[in-house]
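Shared between the two complexes below is subunit A, which pairs with subunit B and subunit C, respectively.
Let's look at the complex of A and B:
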């Protein structure tokens, strides 16, 4: 953040009314002191000169501040509301101000607090839309990322990482514009669908006129009581080969970017994958398992006993056939020798008007050090993947998710420092 | 077809109580702060602004009556093309002053009811009257025959509305809620083409609703300026954005293109501009604090 902006902002005479407005939009993280001004804000229970702290008493809370943004190696929650946004701002400075405005609001949301304190003026709409009142933080995590188009729109091409570009066309892709791309993303995950939606709704509302939702998708995951890998809507376990979120070495190799302003950030890839449930449901169990290369119930690789058993895709049976068929998802994915951290959610969004089929599938989300990892896997799946019979990729987006935020800083500061 | 504005209108003689709803009571139970805020309202002197808005609304209603009479005369003379041309411009006076015009429970549906609204209330088509029924006759049936009585009734209703409006007392809530309601009207029915399903003259209503909201903003401008000049600048910018977008859809004669000529991209852009205007517009209530 540039100092000259701060000074100008502070030099401006600010009336009490302006201050009330500022609390409404929550301009915090502005690290300066001006006597008198701060006092009024404090009296109102909200000090814009001090960053909002992570609550130490909130229930079911994920801490906002840290080396990495939340929602990447945070234990997977049951619900997601994912929003891809177009920016309406036209300057880098306005974008920076938006991130500065968002940062304290994100902390408050993750504390399970209201966006602003209630005002006594009932003649204006409430500052918080209110549907999360009485709910706790529900392990809300918020992840903000920047898409390739953002850098082109705001004249920031010189700091756009070479890795950040639209994904290439993959075989069998049927991408629709209304589910593709975006300048920014907000990934809100929580153990309550209303908490996740509330977060996106309020961040977008606070940014009225600065961003517009391009597309969004709600999703869910369910975890067996005894723990374990969640199942997708094809009933197979999804995410078995993920790196352990505690294995720092593996995460550094697989997930975290280690250079430039994006250091400690990660690339998010989102794919909206329609699953043709009706055709899947009339497929024999044997064929279903041959499609994945795993047993449905245990999740074990074909020919093995347990979900996490290691497997050799080259292994063959007596007749000389691959035990894990070479058209199976597991076989092809392993063949690419690339890994990533998957964090996908299922969706069910009603019925397709043209066919009457379930509009359901997977909001595939993965984090990786380099989108090339995803591209390698997807290319390997290619036309061979038996799964293609049952799925269609409808949407696609890639975002560079900023590094974590330290108290006193704001989301994306490293990017603005690099400009 | 909205009844919510009722709350904010006070008419001598207690004419309008039906549909008033319990909003006020609910709020009071909910939150004593409501009462405090109401107390505070009385301290803010808006008498100049209130009478300026009343003046505006009365002028609009005068003009609405004159133009409705003109429309009805053309209609009854069997001049289909003449009546079609007079239809949308006459309605704009009604749409501009909608916070007041729609506040008379029975009259609003009689003048401005759509068939869908009537049916929604469980009423039959025979109870449908007013502008939209004549719109149906002109654009769908391409006739005026058999609709003369409907035209007569419309003029009678317009006269009754005109008479009632003279007694309206404008309140601060009426103005401030009304401005946002005008935008909500645009967002829910005009932008979807559901207001004028036969004539597709939705953009006339759209423009008039926006002008109605802008008038309220203009009247309150100096009070707003004193409280929050940034808000005024934002509103200027957002009104201009909507006006500029609408201006792209004007015709050579100063009217607007058919709703059917708009692409999905057009309506999406218009809807977004209205939403971005609505958010700051909803903050005008700060002058009451």
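Let's look at the complex of A and C:
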């Protein structure tokens, strides 16, 4: 250690004190005003507010700018880190500033770049937590959404879409507060778990004192080497009936909001669904298939040959029984006549300490034009769904995901323009 | 549903009852005796005890058979699913049968094959839980170890190696029972999280009634596109001073046991280390680097240029201060003069519900010829280690990992021969 005593004191002061506390406090003798992390970072020699462009050279990169946010019709990645946030800001202005601050950082993250140009000053905390150094962009997508509680907290009820409200209680719900709700969400998906986690960690860090994580969940998808639909932990293919991400017409009917400030945005519904793997694994293949209404191996609807074969839930066999049982997931879901874009990830988080059973399941995520679509399906599944025997819904949240960002604009600008 | 009432009854009976309860009970009219899962599976039309060979055609395959178990000097994969198990068997014979049962299943899993040839009988639970269908072997490695408690439980104290005992309490330990100890371990590592989880799930399922998961932990490593040492969640390169996995002489000195029934095996130490990311992220780069004794960016020891440069912890600067501070992790670890093979994985398991802080850290795993090597390092780190401010050890376990398996033999045979 070759630092002088003065330098040591500065080191200590910066390293030990909460970034939150630093807000508005002189750092290394520089007054930073009330501009929060940005100001502190600037005082420390970082420059974070330059406008940032999509990289044209980065490897495995998803473009940030566009009509829609990424992470909705972006091809599904292998990993997710999903964070539901409480806001600590108390004014619309501060929220706006937060989104303005996040926007260039999101571009940088998706470019696979460090959050900030590194300063050569080692006496301050690094501007980027650094664990993604040397990794490429890994198809990182970032999706920001606003929950119903955000509008109530910040006096924005008059611009809260009528569709944006907490989901109704469904018959078999056993929701836990620790996995439910949230003022904001960050959905980070990437082909590397460390890249996804790094993005959430750094956006939350940059918003220190403005947001706090309420709950978060990591998840994964495993893609067959030959391509095709990934299997969930019940070994069934998940996402077969999704609208094609290239079918603009269908997406406009199913996914994209077409009015108000949320136009070209979408509603995200997240459900943490525990899957009782031990019970499932004691169930006959026949019963498993009758539960889904599909064959496990091929993913074809019962009575059909191939995964994507069309099917008629009313079709009956010689004996007058439904070929796709009327208690099956597929039968009941189709019966609702509602569709959505599912983009779910499995999780395996160890064992439940009380039973020793796997703490595993599905972080179900769907995007829809209107949460009513999800509600219709869930109501149709209701108490009838044979799947209920094998799963328990533990968490739930709904977010209005902003439209995409044009260069020069920022995440959520349409909302603030509507205020 | 076209099944007769009889068939429905059979479905129900098999699907609802615990596999454990089925042991010794006639299934579908076949008496299965006391051979457990194997017998039940056979009665159901599965054949699981044929000897299995390493595949010569599987993609991304690690060979099962060899002098050492896999997952020790196997190149580190991107994902781990680590399970610590309690044994429920009460005799050495049953334990031996379990290992005999597991061996061909492990080969099949590592071949990227289903656990069993699928029967066409859909009235029984599938022999493989199926979520890895369509995925390749993903470099799956499987490492089985025995904890000290196993020998006490099953009257095998006379063959328990003197080195195999619970680790001593270290000054800063805050171990929780729910992450500590275990009679057996399965370390499953693969380049796909679903392949690793599938392996543990199916081995545990095949041993239903014989083992129960005590604790388990998923983890990940992110490899730089250009190659090189992966970074942990503090953004420092982790594993730089490992012995080269090709240096047989060094491995024999450091990793492989050379006596008794554990010859060519190794001791695995697992530590669940919580990393206080928020505190770390408020620390200056200089302090972070003084904590590790290395530069974050390059991984070089302080005062050196490159990651793998040799260093002298006694070297001092002009002012007489240690160049690598004597409170740094590197300084103290090197001072112990003990080495080991580290094979750790990061974890990010959401947030701690009491504080909202990241529940993240390192599943530290090391292999050594003698746990004394780890103990020496840990004692040297002791209360001095500057890292203590940023980490808390929450879990701990030690396992004697059996030597490798020759074709025709089974995991742990040397132990049973020694009884």
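Here, the second predicted complex is superposed on the first by the 369 of 419 C-alpha atoms of A that agree within 3 Å, B and C clash if a C-alpha of one lies under 4 Å from a C-alpha of the other, contacts with A are read in each partner's own complex, and residues count from 1 in each chain.
Please note the rule applied: a contact is a pair of C-beta atoms (placed from the backbone, for glycine too) under 8 Å apart; a residue touches a chain by one contact, two chains touch by 3 or more.
These numbers were taken from a predicted model, which means no experiment stands behind them.
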- First (subunit B), second (subunit C), both or neither: which does A:123 touch? both
- Query: Touch check for A:298: first (subunit B), second (subunit C), both, or neither?
  - Reply: neither
- Task: Identify the partner contact of A:353: answer first if only subunit B is touched, second if only subunit C is, both if each is, neither if none is.
- Result: second
- Using the superposition on chain A described above, determine whether A:90 touches subunit B (first), subunit C (second), both, or neither. neither
- Task: Identify the partner contact of A:417: answer first if only subunit B is touched, second if only subunit C is, both if each is, neither if none is.
- Result: neither
- State whether A:205 touches subunit B only (first), subunit C only (second), both chains, or neither. both
- Between subunit B (first) and subunit C (second), which, if any, makes contact with A:306: first, second, both or neither? neither
- Item | Between subunit B and subunit C, more extensive residue contact with subunit A | C
- Looking at the overlay, what does A:406 touch: subunit B (first), subunit C (second), both, or neither? neither
- The intersection of the subunit A residues contacting subunit B with those contacting subunit C is 15, 17-18, 122-125, 205, 212
- Item | Residue numbers on subunit A that touch subunit B, as the complex places them | 15, 17-18, 20-21, 88, 118, 120-125, 205, 208-209, 212
- Query: Where on subunit B is subunit A touching in the complex?
  - Reply: 27, 31, 33-34, 36-37, 41, 172-173, 176, 227-228, 230-231, 234, 238, 272, 275-276, 279-280, 282-286, 288-289
- Note on the structure: In the complex, subunit C touches subunit A at residues 1-3, 11, 14-19, 59, 81, 122-126, 129-136, 178, 192-195, 197, 201, 205, 212-218, 220-222, 224-226, 228, 231-235, 277-278, 281-290, 296-297, 317, 319, 321, 325, 346, 348-351, 353, 356, 358, 360
